[in-house]
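For reference, the structure is listed below as structure tokens.
Chain lettering (A, B, C and D) follows the sequence in which the chains are written, and residue indices restart at 1 in each chain.
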């Protein structure tokens, strides 16, 4: 069955989630991956959005973090201050699932500016919940398309802290959580090297070459001693994902 | 119409409340006075108990600060942390209505211990909400029966701060609220002297002598230049108050 | 994930000698059934935390379960003193009792900070009063923006929170309604929790979108104990047993009367006794 | 005590040139009708506070109402940039725009602190990131109990809070349900407030004992504007107009297109236009 690189990425990201996870869900690609997991192998996964919707089970993907669908299908909905105080800072999430605009080899993220902060070349949306999600959740999964301008040697701005300068930098910052443990792209899956914490390729998607990964990464890519090939999306994974996107398009009036 | 000293005290206390007041209600005599006001001249007064019940209209007096009656008749009920953070500390009360075990001439209150704190002669309940009610509410009304052991020259323990050592002591503590502006007893009504802030008799209940007040006050009592006689309870005030107490007794199974 | 257990197992699984335990419920939903089970299991050396110790702690203290009490208002509401507390604190019977005393505002903020994963709570409080002179856990921090000096207390992070709630659903989520007090905060602040409920339902059905619910994965053990809050009350189930609160004064005044009452009404009883009380109250209300 | 006023008078009574204004609503209940009225009244030099500026602030900024924006995520959710914001910030059109940038956690805590009457909020945040280097309003305090260094930001205390709610009752109490965001905190933190509502009811009737309600005496002016949150949504009334959010991208890209659209859809319209939108959406949903 034919599939796109984005579909491979979303499927690989969904597979990383466990049925028992309590997941702080970022909008966009993370939301698609989390709901695909819920609709396939992880029916009991707890999905929480920063709008305060707890254990939500949306039938269509939200365009915004606070769509009514999230509240209508939630166990309950709390205020935004409570979400950030009792739930995120309270340390109740096993996973924080983020996207980003720029990433470096230690999985630090920039969603703030391209160029200098005071006079940016491009002003990006900013951090939103990411700075505290990155330090408060048990581990962080990141989903991003690879490209030279997004996978960069040096970030213009550190919006959220991954492994910093690598090694024990998180521990030295007094952060007890694991930080980014998986980076899922349209080409491969990266995991931090146990020692250096540099994000290292542990699986390559079918048909993707190391040359292509190199061409789309702004630093010399490291590979794990054993690199697997990501299993292609199953027919079920694809049909569930496409159904989700189709329902979503209809609901957002794109069809109209 | 015949009435008791307690009835005169409760009626005088109720009269001090305005229809527009937002009142943080202490349990016991303050609760009786506040609800008498609501059932007579101040039908729109907002009564709030520290259990989180906002704009409650109990038909019977609660035995405890969190009786179901308070919640059933409230506009809404918030958590106790929210009550103390958004509502009390948020400065939303015009009046805090308190009782006490011991009071001094500057209307500082002790509800903690008789005797030394570490080895008390009598261990009292403690402050509860009073320490912060006293500083956060716009003004404080206090209702207490007079007796030599409760109206004392020196408190064994300052549970809540009235006018401290008098004068501008509150201002020097950085407290912007007025503090105790009325002390209503079974014998008289006291108000702070504008300068010294010593609680001064401004009205004496019918039939009460200055000798009797002196005999029941542990400091030399000061009188305002003009001292009025408290108007006796009206028939309506007494019948509403007695009806309230009768309903309360039945509800609490005392009749049974 | 919460687990459904019989009360005895629920308490056994969560509460050990020497634990710091917060049994909360602000007049409403006080977890008496769970407290009585702790007494039957003869737990010792507990540090008991509660804003308003109420009868439940008078009973635990009188039976020698506690070494220390952390509180902000200790009494029998509308009735008088807690005689077992005073006997322990003033005369060391049956064992000496240490105290740590706060204001309601301090404890409410400390629970809130515990739920929020903070090490401390800051608030505008204790102005001009004596408690900070006798409680070393009351400190201050200065606002770096305004220079205002604010009171600070450590967050409450109990080993165990014990609460009584209205309902659990089959998935183990817990619903509280009415006077919610600090129960949600206590459970979120604690390492472990025991929740007794009036009933277990298939699901909560139609409800406010903002209902006060503790999700299954934030709760430890759940035991279904109808009437488990008696003589406190459960909103929509049964009223507060005010007569019991008044009768307690005489029972608790005398050591022997107290011990005899506890033997007959707690040690020789089980959770099922609570259903009888609540049914009697419901009947009386009709 | 809240007062019922027509929208124009409500906005006029509360919002003056140079005010610090927080128009909140987290995707849900964004007060577009009130925002449009502010544009029609040609308010100037406002400091606009909002976690997620959204289209409403893109419109206010593009019409030259704002000198400064305080925010934590600035974009058209799921669509892209806010072009009017970027044009103002990057090119000073129609006027230069200063920014103060935070994280969601910081702003949520700052609103909470504002509602709680505190001068600052403390939280565990901004660890290892660059924002504290460029925002002097991010400071730190040290916990006197644990020594932990926590982030601190000033409480948000706006001159005016503007929100859209579901209902007001005749007494002027306001009910919010669903995604409640930081609206309650914004109103409690502000000196003045403008609340638009979908409808005014005799009383709220049967509801959760813990319903999210702003009592009359905490609210300033109330204006009944059915559909007043469009293209945002009102829980139980109408859905989010996602097509509008997507269409906005093209409208806002070009200065002239934007000005023409604002003239036709805002300057030459009144509050009643919102009812039309919401009725269309409700019809489409059936």
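We take it that a contact is a pair of C-beta atoms (placed from the backbone, for glycine too) under 8 Å apart; a residue touches a chain by one contact, two chains touch by 3 or more.
Just so we're clear, the structure is a prediction, and the values are computed from it rather than from any experiment.
Note on connectivity: the fewest steps through touching chains from subunit A to subunit D is 1. Should one ask which of B-C and A-C has more C-beta pairs in contact, the pair is B-C. Taking each chain's centre as the mean of its CA atoms, B is the chain most distant from subunit A. If each chain is reduced to the centroid of its CA atoms, subunit B and subunit C end up 28 Å from each other. Averaging C-alpha coordinates per chain places the centre of subunit A 57 Å away from that of subunit B. Rounded to whole angstrom units, the spacing between the C-alpha centres of subunit A and subunit C is 41.
Looking at subunit D, one finds that residues 112, 117-118, 123-124, 148, 178, 180, 185, 209-212, 235 touch two or more other chains.
Shown for subunit A are the residues in touch with two or more other chains, namely 71, 77-78, 85, 89, 136. Chains touching one another form the pairs A-C, A-D, B-C, B-D, C-D.
Subunit D makes touch with subunit C in their complex at residues 117-120, 122-124, 137, 139-146, 148, 150, 152, 154, 177-178, 180, 207-212, 235.
Only residues 20, 22, 46, 54-55, 71-72, 74-78, 85-86, 89-92, 136 of subunit A touch subunit C when the two sit together in their complex. Looking at the complex, you find that subunit D touches subunit B at residues 1, 112, 115-118, 173, 185, 188, 209-213, 215, 217-218.
Looking at the complex, you find that subunit C touches subunit B at residues 26-28, 51-52, 71-75, 77-79, 81, 85-86, 89-90, 101, 103-105, 108-109, 111-112, 123-131, 134, 148-149, 178-182, 184-185, 212, 233, 235, 239-240, 242-243, 245-246. By the touch criterion stated above, subunit B contacts subunit C in their complex at residues 27-28, 50-53, 62-68, 70-71, 77-81, 83-85, 88-89, 112, 117-118, 120, 123, 125-132, 135-136, 157-161, 164, 169-170, 173-175, 251-254, 256.
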